[in-house]
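Got some structures for you, see below.
Paired with chain B in one complex and with chain C in the other, chain A is shared by the two complexes that follow.
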Partner chain A sequence: MKITQTALAGTLESSDLLVKIEPSEQLEIVINSDVNKQFGKQIRHVVESTLASLNVNNGLIIIDDKGALDCVITARIQSAVLRASKDKAQWSELL
Partner chain B sequence: MIEPTFKTFSGINDQVVLDSIKNLLQSVNLNLDPNLDHIIVGIVEKEIIACAGLDHNVIKCVAVHPNYQGSNITLSLINQVLELAHDKGLHHLFLYTKPENVHLFKACGFYPIAQLPGIITLMENTPVGISHYCNTLVKQKKSGTCGAIVMNANPFTSGHLYLAEQAAKKVDWLYIFVVSEDASLFSSEVRYKLVKEGVSHLKNVIVLPGSAYIISKATFPSYFLKEQTLIEQSYMAIDLLIFRQYIAPALSISKRFVGTEPYSEVTNAYNQAMKEWLQSEDKSTSPTITVIEIARVTHDDDVISASRVRSLLMQKKYQQVHALVPPSTWAYIEQHYAIKNQ
Partner chain C sequence: MKKLRRSMLFLPGANAAMLSTSFVYKPDSIMFDLEDAVSIKEKDTARLLVAHTLKLGIYQKMGIETVVRINALDTPFGLDDLEAVVRAGVDVVRLPMTHSAENVHQLEAHIVRIEKELNRPIGSTKIIAAIESAEGVVNAVSIAKSSSRMIAIALAAFDYLVDMQTERGDGQELFYARCAVLHAARVAKIDAFDVVYSNVNDDEGFLREVKRVKQLGFNGKSLINPRQIELLHNAYAPSQKDLDNAKEIVEAAIEGERQGLGVVSLNGKMIDAPIITRAQMVIELANMSGVRQE
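And now, the complex of A and B:
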């Protein structure tokens, strides 16, 4: 999916994360997490694989994580991408 | 854990609410900024215990009552502000805070840009904002001695042209940044176009659109205030520090040119602040930038300035305007103002 507009999903509450996506030529991911030391690698893996499953190849993805579970991270990224793109979602791909 | 309810105000008529916000701000040594578009308050048991204001894309006046500090209310509060701003289409946000509170806002996804130790820190809600901007600047980088002028050019006059010509003689390359904030009579697009046309004969001049990082509502809020009495020294310092620490190094700018300012108090104070914040060794670890003031050119015993041109335009004295602007600006004015032969 092509990122065409700025979108937000999530919150800054504990156990959640705020995902901000902006249009950009390249794909760039910035992760800022309270638990970066312990789970930084795992978080990045979840973020990258979620974006890959949605075919996102461009955009600036900024994540402020407050210790969210993997399933929450996936859900928030999916919402943010759907809001940031004019392409129709392939719902079967999101499950 | 206390969960406050949040409420957004766009202009407050209720004196009781206003007073309690003022009291709350006072309890953390802040004053209510008169230019806020929106104020979000957090309420616990009918008491206002937290507030944050939004002035266009700048978050100001953030306060949490001392009894409620340390309970993560700042996160919920800023979250409300982020959503409100996003709804208004404002995505790139700035925030002013005291340096000792920077860590609170780092936790909300804000990153520091420039700081006056002990006084104020400017933060933005992206980790890559200013670095991306500098990367776009680096593409324009030239070798040799480089200078810069920052101008609003509202509109571009023969005075601006003179300043550009004089400055261009003193350096190998001259960058002209045109302030991009749309708070002037002429739109930023028109101002940029007229500067570009006006200096097109100068082969070593590169005209660049300004950005949120050069004399914008974020870096220098008081520049755009109608009443020019309030001169916020600290804002000016932040604006100049950003220029010195990010923009000038990206383009190897070692000189900044400016016209002498006989009338506008704000511009004059900015010129003075420039000498202090760009030239002093002890204000920043970034290389110093020499500030060069060039005397304004005059016509009919008075300096040529954009404000003089604007006032003549208001009075419909177009022939007098003609004498103060270069042909390219005149062509635009002729086209867009109903000018009859006088």
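And now, the complex of A and C:
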């Protein structure tokens, strides 16, 4: 999917995260997390694998994590990418 | 053993914290809401949140039945909701604003298509129809019998009362609808859920309503606050006196059968088949839910 516009998904509430995506020539991921010391690697892994499964190869992705579970991270990133690309959801790829 | 359906707890589908932690409250069924509790601009992300939460399988591991209230299929959101939650493995889809059997048939046709795509057993996704209009109440029997996937019908008060041009009062305004929905459920041999009690700070009023709908015969209620779960479960549990009496009846029936007696009596009262069936139900309920704390 190609990121063509700025989009947001999620919240800054506890157990959630806010994902902001902007168009960019390269793929750049910035992760700020309240639990970075303990789970930073795992969060990055979930973010990268979710983006890879959606074929996202460009865009600036900024994440403010407030201790979200992996399933929440995946859902919010997918939502933000769909909003930023305007592509229709392909359910077999998302779930 | 029959699945207990006393409590169905509503959870807003857009709330990440509640979705991933609410199993701790242990309702019999948990209902992730994609309809009224989610604003139009959050429908897309709530749908994905609920689907990925379902895929975790936490609720199933805890023995909690998962239900998702999708948006109606004639809205721009309903079909995507259905695609997401069936793929994610939800136990039950709750269809809002069910006015006729045709609404259920439309839903079922889509579920069959998705199940086939996924190579799932046809019929593995169950349905609850929510009845929330005068038309739905009048058609309750055909709705309840519309599909073998149907496990329950639920009465929803808010829209129904608007349709009836009245408002929530002492329960009189829901009497016909409750009786109609309950009879429909019993004709179809499925469960019946009563309406939510929205004043979560009024335990006395809640318990008064629970007593009334339990007496009518409802299996349970839809709930909007976890605080109401324990109150509801306790109210639905048999008392120690009821349990002791039920055990005496069943023992007397077994003894009568052993002696080849056609009619059995206990403490001067005749025990016939319906009384024995009722006593067995009380014992089964006590085994599953425990005994009521007075």
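Quick notes
The rule is simple: the second predicted complex is superposed on the first by the 95 of 95 C-alpha atoms of A that agree within 3 Å, B and C clash if a C-alpha of one lies under 4 Å from a C-alpha of the other, contacts with A are read in each partner's own complex, and residues count from 1 in each chain.
Everything that follows uses one rule, which is that contacts are C-beta pairs under 8 Å (C-beta built on N, C-alpha and C of every residue); 3 or more make two chains touch, one makes a residue touch a chain.
This structure is a prediction, so every number in the text was calculated from the model and none was measured.
When both complexes are overlaid on chain A, chain B and chain C end up sitting side by side without clashing.
Contacts of A:A89 after superposition on the shared chain: chain C is touched, whereas chain B is not. Of the two partner chains, chain B is the only one that A:T6 touches; chain C does not reach it. Considering which of chain B and chain C touches more of chain A, the answer is C.
Contacts of A:S15 after superposition: chain C is touched, whereas chain B is not reached. Residue contacts after overlaying the shared chain place A:V30 against chain B, while chain C stays out of touching range. Of the two partner chains placed by the overlay, only chain B lies in contact with A:D64; chain C stays clear of it. Look at A:S79: by the touch rule set out above, it reaches chain C but stays clear of chain B.
Between chain B and chain C, the minimal CA-CA distance in the chain A superposition rounds to 10 Å. Comparing the two complexes, residues 11, 13-14 of chain A contact chain B in one case and chain C in the other.
Looking at the complex, you find that chain A touches chain C at residues 9-11, 13-16, 68-69, 71-72, 74-76, 78-79, 82-83, 89, 91-92, 94-95.
Residues 6, 8, 11-14, 18, 20, 22, 28, 30, 32, 34, 60, 62, 64, 66 of chain A are the ones that touch chain B when the two sit in their complex. Against chain A, the residues of chain C that register as touching in their complex are 16-17, 19-21, 44-45, 48-49, 51-53, 55-56, 80, 83-84, 87-88, 117. The touching residues of chain B, counted against chain A in their complex, run 72, 75-76, 78-79, 82-83, 86, 91, 107-109, 125-128.
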